[in-house]
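Across the two complexes that follow, chain A remains constant while its partner is chain B and subsequently chain C.
Up next is the complex of A and B:
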């Protein structure tokens, strides 16, 4: 298996030296993200997120299956990640690296375990039929901070997704095509976002948001905080690395909240823009069979 | 008469008026061109066709993504490990290593040779590059025995740039022909720094002040990514200098 290319000694030393003088190689301040861009595909549930030179594509799909025997009233919701050799030659297909496992675990914890989607609404016939919603995350280009970009892509894709409308009549389940009935959005409860801090210096005294790949390679630790715009923290993952002071971590969480709010506003804006683009003659309201809650 | 330096695509026909003619020297074909016997010249790459009438040479200037070593190129390599009498040096990630003999430094003997740690950078010249062999490097001129600026690079920072920009930076008249003036302009603004450009798409920048290195790196990267012209480069330099002060 090819190993990840290591930065040279000069690069390692210089990145740290620059950080000590409060400088980043791309001229950003420590708590600034790179340019974030989100585009939706023609289909529902495709989100393409670019964060600087990192690019992640998430695609949502749904099919009718049999629910798990121990959870007859719940639908199935899975997130799968794939780091292909397209992102970096160090990744291989069917041989997950540590990065990939950590990424998919973190996404599971953030989006699935935090109850962002109401899985009970995916149930069609108790114990017999349910929707299985699946999000595939493809990393197209890897330049650091995969977690934040991937999480944003997953949330955007799920919120953009529409599943086919269904009806139950006399024990017969009918799934309508988009031509027959307008597809319906998933029942979405809250939008969590991942904010990753990277720590540098001997005691992890310098904290950076949105580290690039060259910065990630010299970090001494990192901490991913997942939270929504209301400040409800879903998880905090600090996997090994240098210990960090509790007070510093609290400060990180505060900044993370403002970032999560920014993400949330941006996503809402983009979703509204996309809805407007699709709503050609203002017919969407008529086509929808959904009840107002 | 066709335009000067036209854009060619692989398989295009080349206007005969563009091919240089010389009384004594034979015609030399550079990268991106192929001679199809008996008398046809075809481009194999997309780029600008450039004719050098003095050398009676013709080549295609393109901005390719992958570096292929060729003799007498100046490159910046990263030492990956040391063997009994040579260093293995990486020119581009995920490609086979080049070899740099321990004795290919200025004034090096078995006892006095530079000790390079793993991950150190060297500025070297490619002495041998064959298609199916690992390339060989040297940090000393074989004719004079002097280093001529080659050798280990200490301190500073390397930036990745495109191969096209690296080639343009290495041109003798990089401002007029290559259309890159950022380094000159930054120097004129009073920044003191030294650089080494590697044909393999790397620039090493060193300075007393860290800030200068960061500014030079950003200027180079932005020039490269946005394909700025000389005028735009001037604006960029002014903007960066303003931010810096």
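Up next is the complex of A and C:
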């Protein structure tokens, strides 16, 4: 099994000493994110998120299937993560590492268990037909803070996604192609975002947002908080690590809330831009009788 | 749902008759397995777990994770804390089969391992493994908390040096995420029924300090509610520490009385009755 190369003593000392002097290697302040960029693909439901040198791609797809027997009124919603050797030599295909399991659990809890999507709206015929929505997360480049980038990509991809329109007539289900009817967006309830704090120092007294990979390798603990812009916590995960003062954690939550609001505004803006881009000439083009000839 | 949470506001009593700040009965034993280096048995209400610790010892031959060179252990010349959690099929009401690769179980294992590794003095045992195996016999809420407490006790029994006990308990809030904001009370130590219905979090602290080692919240809750829940959880942890410490002291006293161990230095002033 390949293992990630550990940072040398010198590298470790360098990062930690700099942090003690309130400096980060890339010159950011402790609570500043790297440049976040989101681009949508040509298809609906493809989101490409870059956060510094971390890059994550999420693709949403939907198909009609049979619902689970114990939940006849619910659709199926799954998030799958894949960390390929492309992102880091420590990842192997078909052998999930601890990072991957924790990442997929975190996304599951943040997006699925918090009820961000109304799964009942995916039901077509109770107990017989439903939509199965699936998001595939691909990590293309790993330079720290995978969780925040992956979560942002998943939420962006799902909100951008349009599923084919359907109708029921006399017990016959029709799924329309995009040419016949405009695809419809998913019924979305709230957008949760992950914000990860990394802790440094003997007592975890230094808290950093958006750590790079070199910082993540020397951290003593981390805490991922998922919030939406309404101020609801969807999930908190501080899975062990050096104990941190409870008061400091509360402060982290407050800062995380403002970050979540920033993410939310940024995503809304990007979605609006993309909608405008797709809808080229607006309503006038649609009404016009002219054609290209 | 069977639990009518609206009844709470009438008498301020929970479904099992506790007040908001009461723990369930905690019963613990240490040194339950003679063959192991350390062992414990812990009940928090109807949640029952057993823990066996082996090591610190040389890692077994089957573990292939060790890097090149001499022996295994975690990175940076410290002992590796390997945790395995087995949830018995009969432990909950519905007999659900959980495989070895279940993500929830793997997450529990990672959490317990990371939490204990921060408190145990693992740097004293380079290239070795401390293996902790936990068995869940009965589940009634606060599972992670019970597992952490049992693992701590077993590590104490195994005589592995540690900074302090890592103690855990759960806290919740009486209302759902949006409804009646003002009248919500924080609750301590939730049982299964409450855990299903109410927002809850598991908190583990390092002994009697306010330093939080584990904080896991899996339900939606207003951010403003977190402070109250965390405060109640931390004070609950302090209570749990008292109880666990008492268990360890009682056992020590018992062992001296039986003559299993010699009375060591500094035990003179401790009364042995």
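A few comments on the model shown:
Keep in mind that, in the parts below, the second predicted complex is superposed on the first by the 282 of 293 C-alpha atoms of A that agree within 3 Å, B and C clash if a C-alpha of one lies under 4 Å from a C-alpha of the other, contacts with A are read in each partner's own complex, and residues count from 1 in each chain.
By our rule, a contact is a pair of C-beta atoms (placed from the backbone, for glycine too) under 8 Å apart; a residue touches a chain by one contact, two chains touch by 3 or more.
This one's a predicted model, so the numbers in the text were calculated from it and none came from an experiment.
Annotation for the three-chain superposition on chain A: chain B and chain C fit side by side. Within the superposed three-chain model, A:232 lies in touch with chain C and out of touch with chain B [touch as defined at top]. Contact with chain C, but none with chain B, is seen for A:114 once the two complexes are overlaid on the shared chain. Contacts of A:89 after superposition: chain B is touched, whereas chain C is not reached.
Note on the composite model: angle chain B-chain A-chain C, taken at the C-alpha centres, equals 100°, rounded to the nearest 10. Of the two partner chains, neither chain B nor chain C is touched by A:28.
Once the two complexes are laid over each other on the shared chain, residue contacts for A:17 go to chain B alone; chain C is not touched.
Of the two partner chains placed around the shared chain by superposition, chain C is the only one that A:102 touches, whereas chain B remains out of contact. Judged by the touch definition given at the top, the superposed model places A:6 against both chain B and chain C.
Touch counts on chain A: comparing chain C and chain B, the chain ahead is C. Judged by the touch definition given at the top, the superposed model places A:162 against neither chain B nor chain C. This overlay, made by fitting chain A, leaves chain B and chain C with a least C-alpha separation of 7 Å.
Chain A residues 6 lie at the interface with chain B in one structure and with chain C in the other. Chain C makes touch with chain A in their complex at residues 64-65, 67, 75-76, 103-104, 106-107, 110-119, 177, 201, 205-206, 209-224, 226-227, 230-231, 234.
Residues 2, 5-15, 17-18, 21, 23-27, 89-90 of chain A are the ones that touch chain B when the two sit in their complex. Residues 78, 90, 93-94, 117, 119-121, 153-158, 204, 210-211, 213-214, 217-218, 243 of chain B touch chain A in their complex. Listing the residues of chain A that touch chain C in their complex gives 1, 3, 6, 98, 101-102, 104-105, 108-109, 113-115, 203-204, 220-221, 223, 227, 231-247, 249-250, 253-254, 257.
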